[in-house]
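Have a look at the structure that comes next, please.
Each chain carries a letter (A, B, C and D) given by its place in the written order, and its residues are counted from 1.
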Amino acid sequence: MKTEILGMVLAGGQGSRLGKLTKQIAKPAVPFGGKYRIIDFALSNCANSGITNVGVVTQYQPLILNEHVGDGAPWGLNRHNGGATILQPYSSVDGEKWFKGTAHAIYQNIDYIDQYNPDYVLVLSGDHIYKMDYEKMLNFHKEKAASLTVGVLPVSWDEAPRFGIMNTDLTNRIIEFDEKPAKPKSNLASMGIYIFNWPRLKQYLQDNQSKTRNMLDFGGDVIPAYLDNSEQVFAYAFEDYWKDVGTIESLWEANMEFINPDHDLNIRDTNWRIYSRTPDCPPQFISKTGKVTNSMITDGCYVSGEVEHSILSHNVRVGKGSVVKDSFVMADVVIGENVHIEKAIIGEGARIYDGGQVIGKDKDIAVLGYNEEIGGLTHEE
Amino acid sequence: MRNKIAAILNLVEDSKDLRPLTQNRPVASLPFACRYRLIDFPFSALYNAEVNSAALFISESGHSLYDHIRSGANWGLDSPVGGGVFTHSQIELKTLRAERDEEFNITYFDNHRKYVQKSKADYVLLCGSNMLSNISLNAILQYHQEKNADITAAFKKVSRKALKKDTETFAYYFDGNEDDYLSKMEKMSEVPYEDKTVSLGMNYVIMGKEVFNRYLKKAEEGNSRIDGNTFLRYSLENGDKAYGYEYTGYLKSIEDIPSYFEANMEILEEKNFNALFYRNDPIITRPRHGAPTYYGPNAVVNNALIASDCEIYGKVENSLLYRQTKIREDTEVSCSIIMHGTKIGKNCYLKYVILDKNIKVGDNVHLEGTREKPLVFKKGDTIESGKVIREGSKI
Amino acid sequence: MRNKIAAILNLVEDSKDLRPLTQNRPVASLPFACRYRLIDFPFSALYNAEVNSAALFISESGHSLYDHIRSGANWGLDSPVGGGVFTHSQIELKTLRAERDEEFNITYFDNHRKYVQKSKADYVLLCGSNMLSNISLNAILQYHQEKNADITAAFKKVSRKALKKDTETFAYYFDGNEDDYLSKMEKMSEVPYEDKTVSLGMNYVIMGKEVFNRYLKKAEEGNSRIDGNTFLRYSLENGDKAYGYEYTGYLKSIEDIPSYFEANMEILEEKNFNALFYRNDPIITRPRHGAPTYYGPNAVVNNALIASDCEIYGKVENSLLYRQTKIREDTEVSCSIIMHGTKIGKNCYLKYVILDKNIKVGDNVHLEGTREKPLVFKKGDTIESGKVIREGSKI
Amino acid sequence: MKTEILGMVLAGGQGSRLGKLTKQIAKPAVPFGGKYRIIDFALSNCANSGITNVGVVTQYQPLILNEHVGDGAPWGLNRHNGGATILQPYSSVDGEKWFKGTAHAIYQNIDYIDQYNPDYVLVLSGDHIYKMDYEKMLNFHKEKAASLTVGVLPVSWDEAPRFGIMNTDLTNRIIEFDEKPAKPKSNLASMGIYIFNWPRLKQYLQDNQSKTRNMLDFGGDVIPAYLDNSEQVFAYAFEDYWKDVGTIESLWEANMEFINPDHDLNIRDTNWRIYSRTPDCPPQFISKTGKVTNSMITDGCYVSGEVEHSILSHNVRVGKGSVVKDSFVMADVVIGENVHIEKAIIGEGARIYDGGQVIGKDKDIAVLGYNEEIGGLTHEE
């Protein structure tokens, strides 16, 4: 079997800044936008870019993530001899194979990658909200005859000190990598998206395991080594919408932006659909007393209260007299009567009983965890 | 827990009174409740009872059905363990009695016989798709076994007036109470049209394999179509032990445009909606991709069922919107059914209207039918801006 | 690597000379090489080129094809990314020109137009299923692009005598050499029947989306069937840039029983077998479950292609056995095609015979055709013990 | 979601007695009988018994096993909300979740099992060749109102000391468990097949983790604890063909028995098919010089030599003048000309060049490992 380019989605991260939202669920499996999980964007980008073989590396709380990705069918990634493959830690006669970093996760899965004998490996994280055509990046990589191409994003100069910054020459060649520089020389932040020539990367990973320098992370170990050795490393600039939803605030913000029908992400564009694995639910029902404005509502919802500038995911029930405003409500949430929810994220399966309140404010978004319950007695009782 | 039922769906159902909705599709693939087709209901009953094989008998307009069903995988009907959706060329089915094409007839009966034999099931279910319901096959089967019946047919007690006068359905009668022998069946159209309660046969009929084979032989000799009510009639003629299983959930016999329209409006009542969709047994359909539905800043939506991937900027009341419909600003839609992909412009008024798939409605359009006679527009139509059509006026 | 081709398969192919094998199946679902059907070859070409959508135009006998294709998933044709197998009711297709059913015709052309539009592909491929081959669509496409052609049609150089006299195929002619403009096409039946090399059109034709839409309009105006060779003719009439892509692998035009039989026999030659099956591009079919084939203690099998799940106790030479066939002791089968599920008893002799599916042959049966005129038995037949049939004797 | 019975197939074992055949492949993924892998028997038994939700616990060298099981489609185990699910080690906020024994593997996957809220859990190993109707065993379990039912196999009294032996009373209740007894009191050996009442097992697993007794293994820890506490533990006797293929000799022997068309396993019985995930290969070709007797041959084979009383798996090529006798040849093996193979197991992808020999004898079966090469130059060279 021979594949030009293989996708490797690193989905093993915990995303600890998301607090209770990532206690039982890996960050890439965190729900987004009503009917998606974060990893859907990376997987759909692969599918739309024509990358049909994708390894999904999981490690932290993978049950929901693995069931979501499954055989890859929702993304069309279920071809013979390939498609989506879940890669998890395992044991071997050499001992236990745990993944100790981004590059180490690739190293531990060399056997899987070599099955496809790819020319290029695209390394992604499953953590970001964006639409990107990796085929264009690959064409850039080939034109530049690069050994490694790093996807970069122009960020504001204020924010630059928070990122890994790539300093480039006139030809977009990366000449220096500054991890969180106090005085950035450029505003091109690494997106954690890499295209490597596989034979060369494999050599780096295998050779360096036995030497002092351990190739654990791409940012910390592999890219510096490439630069030290004058490998051809190029920066590929991405100019469209891109969002890291690594904190409660950014997750909330990204969801609020997502409501806007003129959002840059253009979610209704049938030329670049975002696919997901979705449950089978009945249509949404807006009752006689329901009021929904400037919001996104998903199948299976039942709304008897008022919803304003919010997202309701699958199977959310909103009782009479309740108000949901500026909030992102995940699937299977039950909201009783006369509940007030504002500037909040409500986790899957949570229950807010009659009269309950979950009210946050800007820069301090309220969060109710998965299956948490608050408020008085249920209406039925 | 093992597959015990072989299901045979007779989908050659009378559709002339449902035109133009059935012009290019059989009754079984008629859209319903924003994201379903009628076939989803019997198929989900099969899925929920873990039946993993079904034989479908389809007539020549069955292609929209194929596109929907595909391999049957969504309903667990593609299991390699004796499963599969079986299809047969059935153009001749409608004329089965008329033309007596010897070779075709042998194939028709052989197909049934072989399917039941290959499925290795102990029981055979016969049903159709035009009796909208969410029924538990395991419950019927259990009843059938407890009664030690030869044949068991599902029914629901309804008012005679809930059905149209010349309905093609059957009324069942019982010796004593409903827990007793099913002793008689009669064409519902011959039952006086008054507010009396009747037992409406649902054409979901179950029997043991041996009984099925016996009736099949009889059908073959008489050159009759294989159908639940036909087999029930055989059992009565034979004096076999026939029982009725009483179904108490939502039921609608979809026979013409008014009953189809009513079914959609009835489903807007929470009781009916819950009876169909919020039972333990889910209704399953072919999954589709699309964004959640967007409600605009001035949207007013009340008592409405909405599929995902719509955009609503206007007012929607007592209506059903299918996937990818768009309702523009200052437009009011009430008591209407708007199917997949249909886009309605600005400042329109629609009441008692059924718009089939992919219709384009311009701006300032006024369409108004009546509850008894909704206006129906067919798939792909274009209705130009400024057009005014009222029931009775020329379309 | 992105899907760039929309494929349209015209499967309404002439099958009368292939009877009785095509009595209940279109040419596209004719079994071939022990475990395939002819449709597997164009479908695998699509799969190997990572084309993820196809529109099939099928006539009324297409049900065996549906059962085989299901959702198209086996060939990667069920991808949600713009993919799918599209089917259309095509009973009227055969009579397209004769009856001029206005509404149907509009649907027919609209279906093509919409499919190509929805697929978002840059190129359109037209092909059929009766030209057995294993062709690389990417290679044709690359050639098409390099030549900056309006239309590119695949051909293979063959001897005129390799085709039957009244073949329905076309011969292509080139301005200079084969690397040059395709300047003329001619009905092959009008080319003198001698040992001359001709360029046989394979009816695999590729063109850009705009060109396709242009020719489609022309077909609509002329009420013509949409077909590779028809569109190629349009390009010649128009003076567009038409090119031929030379295919050098195994090719057989399956038009009648002798050519079908020959194709099977030819595939027993290693060179042909390897050309079809041991290329980098695999031929994919619907997977089936079954044990490996068992060869008995006295089995003698030589120069034979055997599917899995057979049991062989006798002698098999120069023959093809499909799945689940059984050859009992002291039986000799040579130069024959034995299809799926057919069981042959003891002490039989079969030579130059085609047995369709699920035939039962008793003991001591003697069946003997000739290479030019093999004996053909139809699906489900029973041949009783002791029967002797030779070509020419009454069946 | 509510399931009556959930299957848990323990497929994490290495099977070290199979030597090089399990160096890169877990034992349940070892090929068998021409077109199967060992785990196909357990999975097909589940499917045929109507058990539609099955967790497959993997840990050791799982890549091939995971790809083989995949979405469970070949076994019809690909239903909504369930079907086959691969369960592998993972990390959580409580640390790394490795599987330290059969019972511990169940303990680490309690979350998965609880999703289905099953009444019963069927625990199997994926290591054995047999056809068994688990529904009958479940019916027995219910009739006996048992807390645990153990599948047992009558073995010869000679062999009994090698097994875990169950001593039962007249009602088949297990009163004593002897692990490899020197003087067995019964000949009923545990098959490693258990039906547990899930709520009770869960309680045992959770309670005992915090106590001195660690519930690591069913045989060593859980069953003794059940017996100590007078739980109702019953033995369900299985009388048909059952084979542990844990050694080279037993694997070879089971394959040789399998050739016999009258074998007890009755592989051609369409009422109880053994399903597998198989590659798409052309039909088998027996050339003019080929001779095949008393053998099983699979799709994709090309035979120009002589094959006697052997199994050839997918895509095996046997050149002219070669003899393959009393051997099991796995998939994708290339056998050149004038090769002699006898009483041998040939691993997947191995190559035996012209004139090569792999000859074993009874009780000393020759083994060629996966992708190993022996013999002279290739014919082409």
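In this section, a residue touches a chain if its C-beta (ideal position, glycine included) is under 8 Å from a C-beta of that chain, and two chains touch if they have at least 3 such contacts.
Bear in mind the structure is a predicted one, so any value in this text is a computation, not a measurement.
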Most distant chain from subunit B, judged by the mean position of its C-alpha atoms: D
Selected pair, greater C-beta contact count between A-C and C-D: C-D
Distance between the centres, which are taken as Cα means, of subunit C and subunit B, whole angstrom: 39
Gap in Å, rounded to a whole number, between the CA centres of subunit D and subunit B: 45
Per-residue multi-chain contacts in subunit D, two or more chains: 74, 78, 80, 273, 275, 280
Multi-chain contact residues (two or more partners), subunit B: 73, 78, 80, 284, 289
For the subunit A and subunit D complex, residues of the former touching the latter: 14, 23-24, 58-63, 66-67, 70-71, 73, 78, 80, 85-86, 88-93, 96, 98, 111-112, 279-280
Subunit D - residues contacting subunit B, complex: 4-5, 47-52, 74-76, 78-80, 135, 271, 273, 275
Sites on subunit B touched by subunit A in the complex: 33-35, 270, 273, 276-278, 282-285, 287, 289-309, 311, 320
Residues of subunit C defined as touching subunit A within the complex: 1-3, 47, 50, 52, 73-74, 76, 79-81, 83, 120, 284
Residues of subunit A that touch subunit B when the two form their complex: 33-35, 74, 259, 261, 267-268, 273-276, 278, 280, 282-299, 307, 311-313
